[in-house]
Structures are given as C-alpha cells and as structure tokens.
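We just call them A, B, C and D in the order they show up, numbering each chain from 1.
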Amino acid sequence: MTTRDIVFICFAVLAAGCALLAVTTKQVVHAALWLVATLGTIAGCYFVLGAELVGLVQLLIYVGAVIILVIFALMLTRAPIGKHDDLATPGWQRAIAAVVGASLTALIAAVVLPVVTDAAVDIPASTNKGVSAAIFGVWVWPFELLSVLLLSALIGAFIVSQVVRAAGRPTGGEGR
Amino acid sequence: MTSSTASTFAQLLVAVPVLAAVVSLILARSAPGASRAVSAVTAVLGFLVSVGLLVNVPAEGFAAATTVGPLQVGELKVPLELLVDRPFAVVALAVAFVVACIQLYSVWYMATDPRGAVFQAIVSMFGAAMLLVVLSGDLLLTLIGWEVMGWGSYLLIGHHTFRRSARRAAMKAFLLTRFADIGFVLGIVALAAQTGTTRLAVIFEHFGEGAAAPTAALVLMLIGIAGKSGLIPFHDWLPDAMEGPTPASALIHGATMVAAGTVVVGRLFPLYAESTDARLVLAVLAAATTVYTAVMAFTQNDVKKLLAYSTMSQVALMLGALAAAPAEEHGAAGLDHLVSHAVFKALLFLGAGWLAAIGGGTAFALLRGRMKGWGVLPVSFGLGLAALAGIPPTIGFVSKDGVVAAAREGTTTGAHIVLYATYLTVFLTAMYATRAYLVLVSGDPEEPDHHDDSHTPPPTGSSYTLVAGVIGTLGLLSLVGGAAFLVQGAHIDPTVAAVSVGIALLGVLVSWALSRRPGGDPATVLSESWARATQVNLGTDRVYAGFAAGVVALARVVVRLDNAVVDALPRGLASGATATGGAADRAHRGVPSTGLLAVLSGGLIVLVLGVALWR
Amino acid sequence: MHLTAPVLLSAVLAGIGAYGVLARRNAVLVLIGVELLLSSANVLLVAMSTQERPYVLSETTSVAMYGGQVMTIFIITLAAAEIVVALAIVLAMFRVIGHIDVTAAPEGEIEPATDEPVAAAASAGDPGSPAQGVSGP
Amino acid sequence: MSVLEAVIRSVAVVAAFLVLPLLVGQTEHKFMAHMQGRLGPMYAGGWHGWAQLIADAAKFVQKEDVIPAAADRGVFRIAPAVALIPYMAGLAFIPIGDGIVGADVPASAFAVLAALGVGILGHLMGGWASANKYSMIGAMRGAAQLVAYELPMVLAVASVALAAGTLSLSGIVEQWQPWWLLWQLPGAIVFFIAALAEINRTPFDMPIADSEIVFGAFTEYTGLRFAFFLLAEYAGIVVMALLFTVLYLGGWAGPLAASLGVVWTLLKAWIIAAIIVWMRVSWPRLREDQLHRLAWVWLIPIALFQLALTAVVVVMTR
C-alpha cells in the first residue's frame, strides 16, 4: 500500500458512493448533482493514475459542459424540488435491475481481476506530451473520424429539434 | 544541330503572337483602338521574326528550342521543345505572312464591328496556335496548338453571335473537329506509350531503327487530321464555316486550321513513309475528297462557298501529295502546295471580302459583273483564280506541278489513285475558277433585296490604300512567287507540266464555251435539281444529324439499361432495407423500460456465456 | 500502485450504471446511468494504460501508443456527442408527447413528422412558427 | 513537496484570493464613481474610503441568513461554495512571477479552464434550489451563456498554447515575445469577450439582469452567502484578468523582470480589470439572441481563424 493506493481508494469509495446515490435518489436534480460528484471524483482517480490530461478533459467536457446540458434538460422537462416516487420503475423491474447490475459487476471483476497481477506498477510523471503525440500520430485517423462524428451529432441534434418544432405542439415559451 | 539564333527566333515567333493576344484581349474592352493597333503591329512584327527565322535556320538538320522546360510525367518524358528545319521555317513564314495580311485587312474590314478588337485578338491567338503546331517538336505541344485552334475556330466562326446560323455553324465545326480529335489524341497517346516520350526526334529514331511502323496510331491520327482538314466524311463543316467574317475564313482556309493537318502529316512524314497502309487510307480519303469537293464547287451560287469547297479540294490535294510521294521526297511537294495555297487562297478570300463590301453580299447573283472598275481588285483576283487553276507562271502552277510529279513518281497503289484524282481535279478546278471569273466580270448584278447593315462599306481613302496594298501584294506574290520555289530547288518536268497545263486549259475552254450559252453562267448547263442539291452538300448535314440522333438513342438505351438492370441491385437493397426497417418498426412497439431490461439482461447472459465458454 | 482497486471501481460503476439504466423512469436519469457505464469503461482503460508498453515497430524504433488514455479522451468526446443527440431527442419527446417517462406504453401510432410541415416552415423562414402543422395526439 | 511548503502555498493562495478581489472591487467603486462624476466611498478607513469593502463584508456577516421555505435547503446552502471554489482552484494554477505559483502543474492552462467551467454549476444550483422563477431563468441564461462561450475561449487559449508549444502557463510566458501582441490579437479579443461572458459581466450580464429578472440566480440569497456570490464575481474578474495577462501580455515580462516580475504581472492584470470595469460603465446589456449570435457567428469563426493562423506561422517558423 502506497500513498497513491490510499488516495485512490478514498476517491474510489467516494465515486462509488456518489454513483449509488445518483441512481437511487428520489430528487431529480440531485441525481444530476451526484453524477457531478461521481465524475469529479473519477477525475481525481485519473489524476492519481497519472492521467492528468484525461482528468482535465473529464472536468472540462464532462463536468463543465455535458452535465450542464443534463441539468438543463432536466429543468426544461419539469424538475420540481422535493422527493418524487415516480422516478423509479416498478419493484419487480428494479429487483431484476439489481440482479443484472450485481452480476455485471461480478462478471467484470471475475474477468479482469485475474488479468491484473498483484505486482505494483509505476505511475509515470506527466504524460501530456506523449498523449498529445499519440493522438496526432498513431490515432490521428480515429481523431478525424471523431470530429466528423461531432459535426454530424451537432447537425442531428439541430434537425431533431427543428422537426419537432414544426410537428410538435407549442409548449409555451420553453424553447431554447 | 544547334543554332542558337534560330532557336531564339523560333521561341519569339510563338511568344510574340501569344503575348499580342493576351495584351490585346486585355485592352479589347477598355481601349479597342489600342488593342487593334497592338494586334496589327505585332502581326507585322511576327512576320519579320519569321523572316529572321528563315534566314537563320540551318540548311540541313534541325534547330531545337526549349519552351517552358521539360516535364517528367511518371515514366513519360515530355520535353516541350520546339523543332524547326528549313521546310517548316518556310511554312511558318507563310503562316506569319498571311496572319499579318489578315490583321492589316481586318483593320479596315472589322472597323465598324463593335467586337472587332476581340476578333483581332483571337486572330492573334489563332496564329500563335498554328505557329506552335508548325514549330512543335513535341506531340504534346502539337496537341495544344491543335486544340487551341479548334477553340479559336469556334470563336471566329461564331463571331456574329446574333445570327443563329453562325452559332450553329460554330457549334458544328467545334463538335465535328472535337469528335475527330478523339482519334488524334488516341494516336498521340499510342505513339507516346510505345516510345516513352513525346519528343519527335526520339520517336523518329525509335521507329527508324527497324521497329514496325505504328500503323494503328498513324491511322488514328489520320481521323483527327481528316476532321481538321475537312476530308470525307468530315467534309461538311467547312462550307458552313463561311458564316464567320471573311477575314476569319481567309485565316482558317488560307494558312492555318485546314492546313494544320497537312503540317502534321508533313511533320510525321518519316513515320507515314514507313506505313504503306496508313498512306493508302490517306490517299483514298484525299482522292475522294479532292474530286468530290471540286464537283461541288462548280455549281455553288455563293463566292465564299465556292472558295470553301475549293479549299477542301486543294487541301486534299496536298494530303494526296503527302500520301503519294516516295519516301525520299520528304513530302516537300505537299508543303510547297500548302505555302502557295496559303498565298492565293488568302488573296481570294480577302478579295471576296472586298466584293462583299461592294455588292452587299457574297452571292453570285449580287456580284455579277461587280468586279469591273476597282483597279487592283480584278487583276489580283484574276491572278488568284489563275493560281488556283494552275495556269503558268503563277505560284499555283509550280506547286501543283510538284504534286503531279510526286504522284507520278510514287509507286504505290495510293499514288496511282492520287495521280488520276489530281488530273481530274485540275480539270474541274480550271472549270470552276474560270466560271467564277467570268461571272464576276460580266453581266448585271441584282440589287440586294434587303440591305444588310452588318456589311462593311467599300474602302475609301487611306483604308483603300491599305486594302489595295494587301490585295496587290498578295496578287503580285501569286504571280511571281513560283519563282521562289524554283530557286528553292523545285524543278519542272516539261512533260508533266505540259500534260497538266493542257488539262487545265481544256477546263478553261470548256467553261468558257459553256458561258457563251444564254445566261452567261457555265453552271446552268447542269440540271436545276442537281444545283440545288449541291448547295447543301448533297444533304451531308442530314446524315450528321441522323448519326447524332442514333447516338442519342443509343445513350437512352444505355441509361435505361443502367437504371433497370445495373441499378436494380442497389435499389433492391435499399427497398429491402426499408421494408425490413418498417417491419422492425411495427414489431417494436413495447414499453421502453422493459425493452431496455430485456436487452441488458440478454446482453449480460451472452457475456456470461461467452466468458464461460472462453475459459 | 496496485491495479486491483481501479478494476474493482470499474466493475462497481458498471453495475451501478446498469442498475441506473434499468431502475429509472425519467429518460434523462436513464442517460445518467449510461454516463456511469461509460465512466466505468474509462476507469478501466486509464488503469490499464499504466501497464502499456511501447509498441515495437522494429529493433530501433518503438511507439508509445497511450491507447488507454487516448481511448478515454475519445470516449469522453463520444459521450458529449451522444448526450447532445440524446437530449435533443428527449426534449423532442417532451414536446410531442408531453412527458419523458420510459415506462409508459406508446399511445398508438406516433405520427412521424412528415416532410411537408418542415419544408413549409423552412421555406417560410420561420421554423418556430407555432401554427405550423400541429399534429400531436 | 513538504507538508510545510504545501501549507504555505495554500495559505498564500487563500490570502491572494481574499485580497485581490477586494482590490478589484475597490477599483470598481472608485472608477465607476469618477467616470460618472461622483467621488465614491470616501469615509470607511479614512483615506479615500479604502476600507469600504471590508466594512461591507462586516455588514454582510451580520445579516440574517434567510432560506426560502420552498427551497431545496441542502443545494441552496452549498451553491455559493460551488460557485466560489472553482475560482480559487483556478487562481492556484496561475503564475504571477517566475516560479511564483500556487500549484505548478504541467497543463496549468487547461487546468484553469477546467476549473472555471465548473463555476457555473454554483449558479445553476442556486438558481434551481431557490424555487423562484427569476432565479431559474437567470441560472438557465447563465448556463446557456457558459456553454456557448466556453468553445471560443478554449479555442483562443489553444491558439496561444499552440504558439508556445506548451500547455503550461509558465511555459507560455517564457515563450512569449512582444510580436505575439499582434499575432495573437484576434485570439486575445475573442478571449477577452468570452471571459466577460463567462463571468457574467456587462455587457453580458443577462443572468443577473436586475431590471428584468431581479437579480437572477442570487435573488433569494442574503447575508454571507450573497457575499460569497459577489466575491465569486470579483474573483472571476481577478482570474480572467490574470489569465489574460499571462496568456497574451507576457505575464511578468518587462523591465527588470527578475526583480519586478510580480509587480508587472499584477499591474497588467489590474489594467485589464480596470478595462473590464470600464466596459461595465460604458456598454448597455446585450439581448439574449444577440449574445448567441455574437458567439456563433463571430467569435467561433474568428477563434478558428486565429487557430489556423497560429498553426501556419508555427509550421513556417519551426
């Protein structure tokens, strides 16, 4: 056990706890806020694992933009304050969901844990330059494809909202 | 081999008209006067340069000159160089001279035309292209000049854009020559592919060293040459091209486009000399064309049309000479006739332009007897017609004698065909030349039934001096130019000369005798319906239209096949995918969250199974 | 640094994410579960990237691939694209059928938006015009 | 890094975080007053009212902390902290002299941007938890504004990072040369405008437009929590001004940089802060649609152009 291990376990426990709250809380916006906490602590995990750039990207894109959009969407689709029981699916469905979740955890742990040995690995110092070089060297074609994908997602989102705006019923000044 | 002065002159000779065209085209809108002056002055300058080239060109062998530097396209070497020897220096001189004459003449003829400056700029470009073809030492340069001429002919023939017939004629010329150029390009590609270069000198060497003559490539190139030179079956665009202004006709017929085919065959003569088959094809085409068009020329009722048919006849004669001449002659007879034809045909067309200015049109009915009393015009025009008919001592007599001699010396089947066709043509040419002269100097003209404003008024004052100077110079050259050939080394065999002159005089006599009949026009001896048919070239145009309709119909069939058969598979795939999607869409109407549950559970089971089996 | 904890975190996050996807009725909250699933993959990728060795091209050259970290960045980008489209669809759903409950059975045939009102709105230059093609249930 | 050093650095950052916004606030008071022909605070502390903001803080502390009955109490309480802490974190990564920085990390430019992006979350939380429609509208305006302006800002910073060849702010200052003032000018303008929008300053203060939606997300806040939001705003000015200085004005570059470097940085940042105040006095507020048009039609294309220009110059000169 090194300091890194201890810090990581702290972050990991926090992340798992926040994630659990995010999927079980009965308040709509709180779920999104717990997700923020989860993603933030996961960014901390990345820092501990030496992936500084990934952690920063996580903060900038996930926390700074994606979550903002999620909260936005929640607020646009009615997000009243207070507890609501109509957020969860029926009990039998949740029971199966819990089984599925637990078995997924067990499956992944069973498959991956034997792969990682007990031996400690060295965490290299900052790898930003290396990661950048890899993105624009080895991975440049996937990178370009990704930019095309982003563009098409942008256009797709725009078209979806346009189509609905033309076909749907007006919803009283909530348009953005 | 290297003569730097000659090289410099060769480079200048191409560069000057190109620059002139660019400058005058830029100036054409803003300063038309300056633009015209640039065109005319540079044309004269170009003539002087061509004289310099002829003086400096080595008597034996070639002088090479670079242009924009060599290209290396993969395996292919493209030197882009110019190559000039003595015969082609003479041809270049003739081209530059005719272009200069036409530019000076256009200063008067196109004075009232609002787009005259543009016209003259295009003439400069056209001249540059022709000079490039003449001086080219590289098949690619030849092709460039060849195609620029095709484009230029489109612009010149369609100069009167307001006339539908002019637009149609321009389009027809362009399409026909482009169509024929397919063969030309394929031939060039074949030659370049076989030798790995487009450099003429290397190609000659390659095939000179025992390689089999590239008959297929040469025949392919003949198709393009037939298109440009108006050989059967591409013989219908030239008469229609008379829709262009008269100087344009003089340019196209005199020394440039039509003669370009002769220049290329002359340039590649070492190759053609090796290939009897290609030369036989050329001989048959040339012989058929020269006789056919001479017959057509006789009954034309428009002076420019008559000249157009005579051009085709004469050009076919040049090509015939090249097809018939023995290999060691180097095709000199054909090139000589090209030069002499350039002089007298330019003279005849420019004279026809003057006549049109006098009579208000180019139909014989309007021009009957109009030529009397215009000083230098009847004399020069008569000399031009005499040269056309090959009456001694004109320039035409000397060069045509060379053609006959070449055909006689040839031993191939083609040479015999050409020889008899030439005799027949000499007779027919004399007939229609005589008819043209007699009609123009006798009888009373009809008044034009409508006054066409687009025609230039007859020259007066200084423009008269200019036009008369140009026409007179050309006339004088037609008379005495033959001597130049004799000095150059041509010789006249008295027997040959006697036979051909005899035939020509017979033609003159017959024509004159027919003109004694009432009406005064020898052509009236033929039936009215025949005369009408010849006005439309025996309906060749309709044959072309029919051919085009056939191609369009075939294309429709192909499109239909493409739609119905080839595209059926992708279309079927698309509609199949749509149908499958529709079916899935109808099947997929459950509650989303239970659907999600099923999907994730199923996915998990698959994963577990996969992992378990993999272990 | 031992990798057991990261792997366990990844497994736990995956389970929680799957539960979140299945146990929520609100479509946006379902998306939160999806984000957790993606994060699970990311954690695993970053953890494994610490074990990566340079890819040997030849005896003298080798390339540091950073496959795990690069993939993670790509997945984050993908998540951004995914969330944009998904939220657009969720908002569209809210506007057309008035709720975003994924446990509700579809009310018969949902009218797909035909081309005509869109084209008309686009040609009118006023896509927000409320009077155009009201075709909800 | 020893524990002692970490403690000292943290204390220094917190001290700077508490002092610099007050300086900017005082500057704002005095500048606005003089531009409008007033004197501004003159009494607190004696000489030209220098202690006015300290007095304000004391006043805020004494006020009652009101939480609306319908509010989501937990979220309502922590929202000001969520708004404030990212700015403090951002400040920790910005160097003000050669080696004088709270936390020297390799990708500090990126880290500052990441920290700033989180700040809006505080507004969203506060606006939603207040259970007040004006607060909600203000929060949504702020969030939409942030998402729209994050892109040009990141692109502008990317251009500078590309020019310097590093993501480290110290590295950027080391690479900086005076002619970058011209070279990076379009990017600097884009950054400045985007920064104004991110910290909701005039002319981009629609989220707290007092004449339309009372005070936006802060409407229901009182006392110390309200003071925190105000502090966050001034801290935002400080962070943006320092960031602008470090990215575009060469940070501590100047005469006698070795000894006077910190002074230069702070002086330049103070001038930028003064310009931001000046903007507030002289510009009217934009409309919501004008704001988004400006971002998508002008700033992003200009930022992309700047990025291309930088790339071309970098490729040509290296």
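Definition applied: a contact is a pair of C-beta atoms (placed from the backbone, for glycine too) under 8 Å apart; a residue touches a chain by one contact, two chains touch by 3 or more.
Because the structure is predicted, anything quoted here is derived from the model rather than measured.
> Count the C-beta pairs in contact for A-C and for A-D, then report the pair with the higher count.
Result of the comparison of A-C and A-D: A-C.
> Central chain, going by Cα centroids?
That would be C.
> CA centre of chain A versus CA centre of chain C: separation in Å?
9
> Between chain A and chain D, tell me the centre distance in angstrom, where each centre is the average of that chain's C-alpha atoms.
Computed value for the inter-centroid distance: 27 Å.
> Averaging only over C-alpha atoms, locate the centres of chain A and chain B and give their separation in whole Å.
Measuring from centre to centre gives 75 Å for this pair.
> Mark out which residues of chain D touch at least two other chains, giving numbers and ranges.
Not one residue in chain D touches at least two other chains.
> Can you list the chain C residues in contact with two or more other chains?
Each of 18, 21-22, 24-25, 103 in chain C touches at least two other chains.
> Going by the contact rule already set, what residues in chain B reach two or more other chains?
Touching at least two other chains: 593-594, 597, 600, 604.
> Could you list, by residue number, the parts of chain A that touch chain B in their complex?
My answer: residues 89, 93, 96-97, 100, 103-104, 107, 110-111.
> Which positions of chain A touch chain C when the two form their complex?
Contact set of chain A toward chain C: 1-2, 4-5, 8-9, 12, 15-16, 19-20, 22-24, 28, 31-32, 35, 38-39, 42, 45-46, 48-51, 53-54, 57-58, 61-62, 65-66, 69-70, 72-74, 76-77, 86-90, 93-94, 96-98, 100-106, 108-109, 112-113, 116, 118, 120-124, 127, 130-131, 133-135, 137-139, 142-143, 146, 149-150, 153-154, 156-158, 160-171, 175.
> Which bits of chain C are touching chain B when the two form their complex?
These residues of chain C touch chain B: 18, 21-22, 24-25, 30, 102-106.
> Taking the complex as given, what residues does chain A use to touch chain D?
Touch list, chain A to chain D: 27, 29-30, 33, 36, 40, 52-53, 56-57, 59-60, 63-65, 67-69, 71-72, 75, 79, 81-82, 126, 128, 176.
> Which of the residues in chain B end up touching chain A in this complex?
Its residues touching chain A are 593-594, 597, 600-601, 604, 607-608, 611.
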